[in-house]
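You will see two complexes here that share subunit A, one where it goes with subunit B and one where it goes with subunit C.
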Partner chain A sequence: MDCVVTGGNVKVLAKAIHSLSRIGDELYLEPQEDGLALRSVNSSRSAYACFLFSPLFFSRYTIPLGHAFRCKMAIKCVQAVFRSLSSLEKTVEKCHIELDGETSRLTFTLHCKHGLLKTHNLSFQDSESLQAVFDKESCANMLRAQPRLLVDTVLHFPPSLEEVSVSVSGERVWFRNHVDDEAEQSKAMLTELCLSSDEFDHFAVGAQTSITFCLKELRGLLVFAESTGLPVSMYFDEPGSPVVLSVTDSVLEVNFVLATLSDDSNLCNHNNNTKRARSPPPPDDFMTDDIDSYLIAMETSELAGPSDALAPRSPSSNHTLTTQPSAAMRSLERGEEEEEDTEDTERPPNKKFRSLFFGSVCPSDSQLTNQTIKSQEVLASDSEDDTQASLP
Partner chain B sequence: MKFRAKMIDVGCLNHFSRVVNTISKLTKICILRLTPNNLYFVLSGKVASGGVGMWCELSQANFFDEYQLEGVAPDANEICLEVTPENLSRALRTSQNAKCVKIKLTKKHCPCLTFVAELPTLSSVSRVVTHDIPVDVIPRRLWHDFKEPRMPDFDVSIYLPPLKTMKNVVDRMKNLSNFLVMEANLNGEMNLKIETDLVSVTTHFKDLGNPPWGDDGSQGRSQSRDPEVMAHTRVDIRKLQQFLMGQQVNPSKAMCNIVHKRIIHLILLHEDVSLQYFIPAVA
Partner chain C sequence: MPLSTQSQTGGDNYVLVASLDNVRNLSNILKAITFKDHAIFNATPNGLKVTVEDSKCLQANAFIQAEIFQEFTIREDSVGFQVNLTVLLDCLTIFGGSTVPGVATALRMCYNGYGYPLTLFLEEGGVVTVCKINTQEPEEPIDFEFCSTNVTNKVILQSESLKEAFSELDMTSEVLQITMSPSQPYFRLSTFGNSGNAHYDYPKDSDMMELFQCTKTQTNRYKMSLLKPSTKALALSCKVSVRTDCRGFLSLQYLVRNDDGQICFVEYYCCPDEEVEED
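Up next is the complex of A and B:
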C-alpha cells in the first residue's frame, strides 16, 4: 500500500483521526478499491465511525493487489503523528503512508518545509473486518443541517452531559438532555431546545418519534464537520434503531453510527415529559403548568405521592439504566481482560443500546425489574395556614 | 403562588447574569426570595454554610420589563425558594443573545423555575430554549430565618481597597496560613495579617476613608472611639477568598464593617444591586 496526501488534505486526515479517537481506542485501517477506510468502534459496540477517503483525495493511491489488507493499531499512536493541527497546516507539505509487509510496519512520513522529514513507523495488528450494519436510505426520518446549527445546539448542554434525546414532529425538532438515573430525575435541570424545520437544509419526518443517543460521539463528528463546513445529515428510525450521522463530499464520506436507547426505556424517561414530547408545547400559557395546582394536589393527597398532575409511570419501566458507553469506559480503564469482572461487581451494563452488529436487542437484566418506584419526595407544605388556602 | 417575569433588554440580561454568576461562586445553594419589588438571594448564617451569611438585594424594576407575583397569601405576598444558583447561571449563560427571556414558577416533575429564551435565527421562527430548574418551596413557617440581617453594632467602618488588589494579597496569603486577621481604624487604615510559626505577613492599606454613617444609634460606639485604635477580627481565609473571587464587576461602593473579634460585614453597592456578606470570627 502506498498513498500520498498533499496540502490541505493532510489537515483533513488529521482531523478525521482526532475525530475517530473520540469513538474508540483503536484505528482500523483498510485500503479498499473505493478508497481508504478508517474506522473505529467503541468497546461496547454502541458507536461506530467510518471515514472513507476516495482515491481522488490522494495524490497517489496504490493498494495492495490480491488479498485484502486490513489492520488495526492504537489510535493514540496515529494521533501522535498528527499532533499539532495548527503547525501541521503551516509546515507539512505532504504525508506519505506506506505499508512495509516484511516488517509489518505502517510508515507515516511527513514531508515538511525546508526538506524536513518526519518518519513514524507504527506497528499494526491484522484485524477482522469492521463494518456496521446500517442502511441510511431506508430510514424514515432524515434531517440535514449546516454544522453551525448543530454546534450551537449542543452548546446549550453542559460538556458533561452524556446523552441527548432528539424528538421530531412534522414541523419541529426538540433536543433535550436525557436523565436516566431515577434518583437524579427530581433534582436534575432539564434543558430543551426547540428548532423549527426552517432552520434545516432538509427536513423529512415520517412519524413523530424520539430517540436518545450519546452526545459525546456526536460532538466528535461536529468538530470535524464544522472545520470542513459540510452539512451534516441525520438518518434515524424508531428508538432502538441506530442513528446515522453523515458528512459527504466528492472525495470523502463520513458515517457515524450511534446506538439509540430502545423503546420502553425511552418512553419511561419521557413519561413526565409525555405532553411535551408528543406534541408541540402549548402557546405561552403560564396557567397550564402553574404551581398552584401542584400545591393543591400536595395538600389534598395523604402521601405526598404522585399527584394526578404527573403522568403515570409504566410499572415495567427500567429506571436504572446504566449508560452502556460509560460502563464501557469504566471497564476500558481497567483493561480489557478485566471487563467481565467489572461487569459482575458493578451493576451490569445496560443492554438497552442495540448491538449494532447483531441487529437485535440483548435481553434486559432481571435485576432491573425489581426496582420499586420511589414515591415523590415530600415537599414541606404549610398545613398550618390551610385556613387561608391560596386557591385562585 | 404565581410568578412570571420577562426580560427583553440585552444589557439587563447581561447584568442579571453577572449577578447570578457572582452568587453562584459564593454558595452552592441559597434562598431566593421574590417580593413585588425586589429579588433577594439569601444565605442565612447557619452552621451549614460555615456561619457565613449573604444578603443580595436586587430591585426587580431595573431588570424586568414584566413582573407578576402572587405570593403564598394576600398578607404574605412573597415566594421563598431554595435554588442552586449554578443552574440559574447556566440557564442564563446560554441565553446571552436572546430576544427575550421569560422566567416563571412552574410545576413539572417538581416545582421548577423555568427559563424560556427566544433566540434570534435567520428564519421566521425563533429558536426556543427552555430550562427547567428544580427548586424547593420554603414554607412560610421557616421564613423568619431569611429576613434581612440587622446592621451589626460595628466598631469600625471603612471603605475597602480595590477588590482586585485585596484578592491578589489574600490569594498569596492563603498559601501560608488558614486564618487571616483583618483590622481597621477610623483613620482610614486597614491591615491584612497572617501569622504562622515561621513567618508573619502584613499588608497595610492607607487613606481608604471611613464611611460617614451619621447619627444612628448603632454607631454610638464608634463615635467616641480613638481613631488610631484598630478593631480586628480573625477569619477563615478561604471564606474571604471565596468572596473576593466571585466579584466580577467593580462596585460603586465597597465597604467593610468590623465588629471587634466577632464578625466582618462586607457591603458592596452597585447601581441596582447590593450585596452584603458576613464572615464570622474564628477563635
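Up next is the complex of A and C:
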C-alpha cells in the first residue's frame, strides 16, 4: 500500500483520526478499491464510525493487489503522528502512508517545511473487517443542517452530559438532555432547545418520533464537520434503531452510526402520565402551580421569536424555547444555561419550569399547544407504532 | 553554616556584588536549568556560572557574563558557593512573574564569602525585599572533559525547528537516539516507544541548519529522562549547537537572548546510555 496526501488534505486526515479517537481506542484501516477506509467502534459496539477517503483525495493511491489488507492499531499512536493540528497546515507539505509487509509496520512519513522529515513506523495487527450494517436511505426521517447550527445547539449542554434526546414533529426539532431515571429529580437540570424546520437544509420527517443517543459521539463528528464546513445529515427511524450521521463531499464520505435508546428504556419507570413522558416526571402534582398566568402569557405571545436568553450570540436565529419567555422565565432560562448553577436546582424554580413546560400541554385553541400536544402524545405512546393523536 | 555575627548590610565586606535593573535577565536563565534543587555558583571577573547536575550523568551550566550586569564587582579571582536554586528563584520572583511593561524588579546580590548567606535586595516600585539564603560549600562540578579537539560531529540549528521535534517526542521511549552523519540521514533524532519508532530527520541543506560539520557517522542513545529538562533551555533559545565527541558524549549549547537583547549561554552535557555501547 502506498498513498500520498498533500496540502490541506493532511489536516483533514488528521482531523478524521482525532474524530475517530472519540469513538474507540483502535483504528481499523482498510485500503479498498473505492478508497481508504478508516473505522472505529466503541467497546460496547454501540457506536461505529467510518471515514472513507476516495482515491481522488490522494495525490497517489496504490493499494495492495490480491488479498485484501486489513489492520488495526492503537489510535493514540496514530494521533501522535498528527500532533499539533493547528501547525499541521503550515508545516506539513505532504504525508506518505506506506505498508511494509515484511516488518509489519505501517509507515507515516510527513514531509515538512525546511526539509524536516518525520517518519513514524507503527506496528499493527491484522484484523477482520469492521463493517456496520445500515441503510440510510430507508430511514423514515432525515435532517440536514450546516454544522454551525448543530455546534451552536450542543454548546448549550454541559460537557459531562452523556445522552441527548432529539424529538421531531412535522415542523420542529427538539434537542434536550436525557436525564437518567435514577438521577435525583429535584437536582436534575433540564435544558431544551427547539429548532424550526426552516433552519435546516433538508427536513423530512416521516413519523414524529424521539430518539436518544450519546452526545459525546455526536460531538466527535461535529468537530470534524465544522472544520470542513460540510453539512451534517441525520437519518433515523424509531427509538431503538440506530441513528446515522453523515458528512459527504466528492472525495470523502463519513458515517457515524450510533445506537439509540429503545422505547422500553425511554419510558420504563415512568408512570402512565402522558404529560410526563417528555422529561422525568415530577413527584408531585404540578398542575396546581401557577399555570394560568403562563397559559395567558403563551396565548398572547408569538412562537417563532428569538429567545434572547437562549441564543445571545445569534439573535437572528429562530432558536426558541417551547415555553414563552415571561419575565420570571427569562431569568430562569439564563440561570439554566450555566452549568452547575446550583440556584436552579432549588425546588421552587425547578417546579416552575416544569409546570411552564407542561402548561403548554393543556388543550387550547392556539396552534402552539396543538403542536406540542401532538408530539407529547406520540412520545407518550406505549406502543411501538406511533399513531397520530386525535385532538380534542 | 554559621551565620556571621557581624553586620551584613555593610558594603565593605562583600566579595561579590552584582546588580541588575531587571532581575528577569537572571531568573529566566536560571529557570532553564532548574531540574534539581541545588546549584553551584561560580563567579569570576568574567561573570557568573551556575551549574546543576543530575546523577553524575547530566550537567547544565548557565553563563551570565559580567557585561549583562549593571554592576559586577568581585574581590577575588573565583568565588564559589552552593545554594538551593528553587529557593533562590522563589526570591528572585518574589514580586510575581508578571511582565508589566515599564515595571521591572531590580536586584542587588551580595555575598560576603565563605560561610555567609547570599543576600538579595529586590526592589519594585519603591518596595524593597531583603532575602538571605544560606549557602553551602560548593561541590566540584564534574568535568566531562569535553573539548573542541575531540568533537567529531557538530551542527548548529535554529531552535524553532528543534522545538517542534522535542515537543512531539514520544515520551514512552526510554531513550533519545541521535544520529549524526556526513551522509544520509545527516542529523536524526529517534525514539523507540510503545507504538513503534519515530525519526526526525534534518537534512544538511535545510535552511534551519546554520552549520553542518560532521566527520563520521555516529549513533548514540541518551536517557530521555535526562534530556527532558533541556527543553526548557531550548524554549528560551534562538539557536542551538549539538556536538558529540569520540566517546559519544553530547554537548548541547543554547544561545539565549534576554529581555534586553543581550546574549547568554546555557549548555547541557550528557553521557551516552551505557547499555547500548555493548552492542
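Descriptive notes on the structure:
Following the convention adopted for this analysis, the second predicted complex is superposed on the first by the 265 of 392 C-alpha atoms of A that agree within 3 Å, B and C clash if a C-alpha of one lies under 4 Å from a C-alpha of the other, contacts with A are read in each partner's own complex, and residues count from 1 in each chain.
In this text, contacts are C-beta pairs under 8 Å (C-beta built on N, C-alpha and C of every residue); 3 or more make two chains touch, one makes a residue touch a chain.
Here the structure is a predicted model, which means the values were calculated and not measured.
Contacts of A:156 after superposition: subunit B is touched, whereas subunit C is not reached. By the document's definition of touching, of the two partners only subunit B reaches A:189; subunit C does not. Once the two complexes are laid over each other on the shared chain, residue contacts for A:83 go to subunit C alone; subunit B is not touched.
Contacts of A:133 after superposition on the shared chain: neither subunit B nor subunit C is touched. Applying the stated contact rule after C-alpha superposition, one finds that A:207 touches neither subunit B nor subunit C. Residue contacts after overlaying the shared chain place A:114 against subunit C, while subunit B stays out of touching range.
A count of residues in subunit A touched by subunit B and by subunit C gives the higher number to B.
Legend: residue contacts after superposition of the two complexes on their common chain; A:122 is shown touching subunit C, with no touch to subunit B.
Judged by the document's definition of touching, no subunit A residue lies at the interface with subunit B and also at the interface with subunit C.
By the touch criterion stated above, subunit A contacts subunit C in their complex at residues 73-74, 76-77, 80, 83-84, 87, 91, 105, 114-123. Interface residues of subunit B facing subunit A in the complex, by the touch rule stated above, are 1-2, 4, 70-74, 87, 90-91, 94, 102, 104-111, 114, 121-125, 127-134, 136-142. Subunit C makes touch with subunit A in their complex at residues 161, 164-165, 167-168, 170, 185, 194-203, 205-208. Within the complex formed with subunit B, the subunit A residues making contact are 155-156, 158, 185-196, 198-199, 272-273, 281, 284, 286, 289-295, 309-310, 376-377, 379-382, 384-385, 388, 390, 392.
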